[in-house]
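Structure below; questions to follow.
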Amino acid sequence: MAAAHGIASGIGGIRSAGDLVGRMQVSRGMKTEAAKKYVADKLKISVADIADPVVMSEIREDLDLGRVNAVPGAAKGIDAKFRIADLLDIEINCVNKFKKRIQFEKRSKSNE
Amino acid sequence: MNDEILTRMGDGERISMSASEIKEELLVGTKEAATKGKVPELSSEDLDQIFEIISEKGRTVSVPPGEEIIVTDDGCAKIFSAGPADGGAVLPISRQNAVQAYERSFAADTLNFGHEDYSFKPVKAIIDCETQTYFTTSHVTTAPLFYGAQPNLGLYYRPDGAHDNPADLLPMGKIKEAKASQEAAAEQLKEDMVFVGRKLAEVGCEGLNFDTAASAGDADFYATLKAVEELKEKFPLMSIEVGMAAEFVLGMHGEITYEGKRLAGMYPHDQADAVASAGGDIFGPAVNVNTSKSFPWNIARAVTLVKHTSEVSEIPVHPNVGMGVCGVPMALETPIDCVTRATKALVLIGKADGL
Amino acid sequence: MSKYTSRMGDGFSIELTESEIRKDIEDGMESAVKHGKVEPLTDTEIDHLLEIFKSPDKVVGVERGKEVILTYDSGTTKFKRVNVSVSKIQSLQIYERILGADTLELAHIDYSFKPVKPIVVFEQPILEQALLMTIPPLFYGAMPNLGLYSQPDGPFPNPGDLLPKGEIKEARASYDRQIELAVKDMVYVGSHMYEAGADGINFDTTAAAGDAEFYAALKAVEILKSKYPDICIQMGMASEFVLGMHGELYYDGVRLAGLYPQKQMEIAAKAGVSIFGITTNIVTNETLPWNIARAVTFTKSCTESDSIPVHACVGMGVGGVPLTLAPPVDALTRASKALVEIGRLDGL
Amino acid sequence: MPIAHILAAGMGGLRTAGDLVAWMQMTRRMRIAEAKKYVADKLGINIIDLSNEDVMYNLRADLGIGRVTGDPGKEYGILAKSKIAKLLDIEINSVNVFKSMM
């Protein structure tokens, strides 16, 4: 059933920008139109391109946001979410937790 | 000092003892078990043999060829895919994958899987999922496949279950009410165990493991025995293993009898007799570990109780040799030196048929 | 006169003429208007629905640019239930990389908060590992399922036994105590999973046991939201109408018994819910056009107001999907398209 | 921990004859010595060889009762168990259920 809904009306997850629009609903409670516009603005693309796997595939590759094809060396999980949080200017719970676990701020400071 | 031998405490802490200290601990341990369980002490030859096992130089020890026994377990799938609280490694593989890995990669004699919440009551709600998984897994495995769950009578008391909690009633002196509550809860537990057992038997279950039986005392044990009786009568081909929670059946009720024998206060040899009478095929005794005593003390104690059970039992005896039972220290990362020494002693001196 | 293939609410295939479809659409809409006291569809919307049902294609889809976010109930258990031998993490990876899911959901096979409580420590490390290797937002989901708190499963007298005997006061007292325990369990599980890094908690099939369950879920949401202001909470409903099993429970001055979707959503938003999951029931002996028109009318009443994102529950027997174990894709995709394009959903 | 038990005292499952001896405990309640003798007699080998990989690996292939290596085209799972039931003259519940479906 999930596959049929995905085909009929889903944005397409990490094939396109579905997860990014989803993030805006999850993090800011945005309605779909507002969430799509927000993401499109951040990506500097038109709203129509949000669900386009060809456009989004290139953008995801350029920004290293994780792609549906598990390309070697490319972001696949938490590293992609680090970038997504920065890109969309949102807080992601597990990213924050992960930062805490690796003492991210302390390390960043010592690297400066 | 050259004669110092490395061993551990019951909580896993590494210690060293002299040969004479270990021998003394073994003697005191067997005496303690003999007094409590009203069973014979180990002979001096037996104690010498355990001493030899403890003092072997190698980190791990094993039985000689030809003396191997059958290993049953309480949910091998868990060691791969369950959470650390259950001793698991949280590998991202399914239960079926885990069982297959256990059979093919670790060459286990028997296999076992169960629900994440390893008790019969929670299994009832998802029985279709469990029977389906059992059915397909049994078709792709060759070694005998058990399904395991705990009777866990505690789930039938408030706040989780429907019956008044005896632990609330007893301190108030409401003995009669506590007994009535346990009897009603035991009846419900038995119904659930028979329901789950029946569903599994109908898809071809080869073995059902009632694990950690009597954890809530004599009423828990009674419900288990009654369920075994009923299931064995209906499905004689489904083998039943009953593993115990502790060496001693707590008399939370106090007056429950099975075939004329009072269940409260039963030690392993009597428990084995009750399980065999009910129709159980394999009995798993559990002997508690005292964390403030040494490994030699604990293993001598465990072997004493298991040996007598093996001598009098009419069915195969598979001691539970897990964390905190039958000599294995009470530590989440159980030390392999003690695990293998406990295994060897229980098999060679305790005359276990399996583990 | 040409006929169009459609289905009944139980999934059986039927043929309808254009006028029959139009009549069923109007009747289904009327049913929603009458029961939910909501606005009817416009003529243009009715025409749009008609076109969806007249389409000869087996599978239909939304217009380009109108795609929405998909959330999932009982996410990982779907694989286990159909006996696909993969772990929960593998299931999530399949959702992410094979199905192109916008969001993910981790869940226990016994999909209620109460049974999760004893195994929450097993769920946490799975969630932690899944979070490291997946990208979309990850929910943890379970049902409030108040039924588990009454006898024989739970500790309190069963209102289902008390009510037929006329013991109304006793039944209400039992509900009050059930609410207390259920809130505790929901907050316990929700807190543990959020602390482990979940992006959100999904309260699925809420109010299945009526107004007492709805009240308990709202209270739990309120507590979680005050503990974790950034938490995303999705609340999917069990049905279009909150059963008044208790009858006298109020939240923020509003009586919960008898609430239809629009009011349910308003109350949920007040409690702190971030995404509302509207549910509309199926009438199996009515046609698909009747059922979908009805679902769309209810849905539009929620999405028209300026509120939180609305994701419809569009599963077996709800949201216009026939009540059958293998829902036909022609019916399912028509429900999907109609609810998104006319119901103006934010997701489903 | 079960892996430590297997190494210290286990018979070796499909590597040797561990599963066969287990079947006898489960279906006939045989104690370990009796079960080993029964299986050894059925296999026509010495008891000591029940846990001898050198003997059992080839014997399992000859008898078609499944091997730990899961050889392609050879018996495993329910098919191996149906042959084990015949070999040991026992009834295995899953095999009976499977046969009733055929």
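By written order: A, B, C and D. Residues from 1 in each chain.
By definition in this document, a contact is a pair of C-beta atoms (placed from the backbone, for glycine too) under 8 Å apart; a residue touches a chain by one contact, two chains touch by 3 or more.
Values in this document were obtained by computation on a predicted structure and should not be read as measured data.
Centre to centre, using the average C-alpha position, chain A and chain C are separated by 25 Å.
Separating the CA-averaged centres of chain A and chain D is a span of 53 Å. Averaged C-alpha coordinates give centres for chain A and chain B that are 49 Å from one another. If each chain is drawn as a node and touching chains are joined, the picture is a simple open line. Interface note: chains touch in the pairs A-C, B-C, B-D. Only residues 59-62, 64-72, 78, 95-97, 99-103, 128, 131-138, 194, 196-200, 230-232, 274-275, 308-309, 314-316, 321, 327, 329, 332-333, 336-337, 340, 345-348 of chain C touch chain A when the two sit together in their complex. The residues of chain A lying in touch with chain C in their complex are 1-16, 18-19, 21-23, 25-27, 29-32, 35, 47-48, 50-51, 65-66, 68, 70, 75-78, 80-81, 84, 91-94, 97-98. Residues of chain B that touch chain D in their complex: 60-63, 65-73, 76, 79, 87, 102-104, 106-110, 138-145, 201-207, 235, 237-239, 276, 281-282, 314-316, 321-323, 328, 334, 336, 339-340, 343-344, 347, 352-355. The part of chain D that touches chain B in the complex is made up of residues 1-16, 18-19, 21-23, 25-27, 29-32, 35, 47-48, 50-52, 65-66, 68-70, 76-78, 80-81, 84, 91-98.
Residues 80-81, 83, 85-90, 108-110, 115, 118-119, 121-126, 129, 151-155, 181 of chain C touch chain B in their complex.
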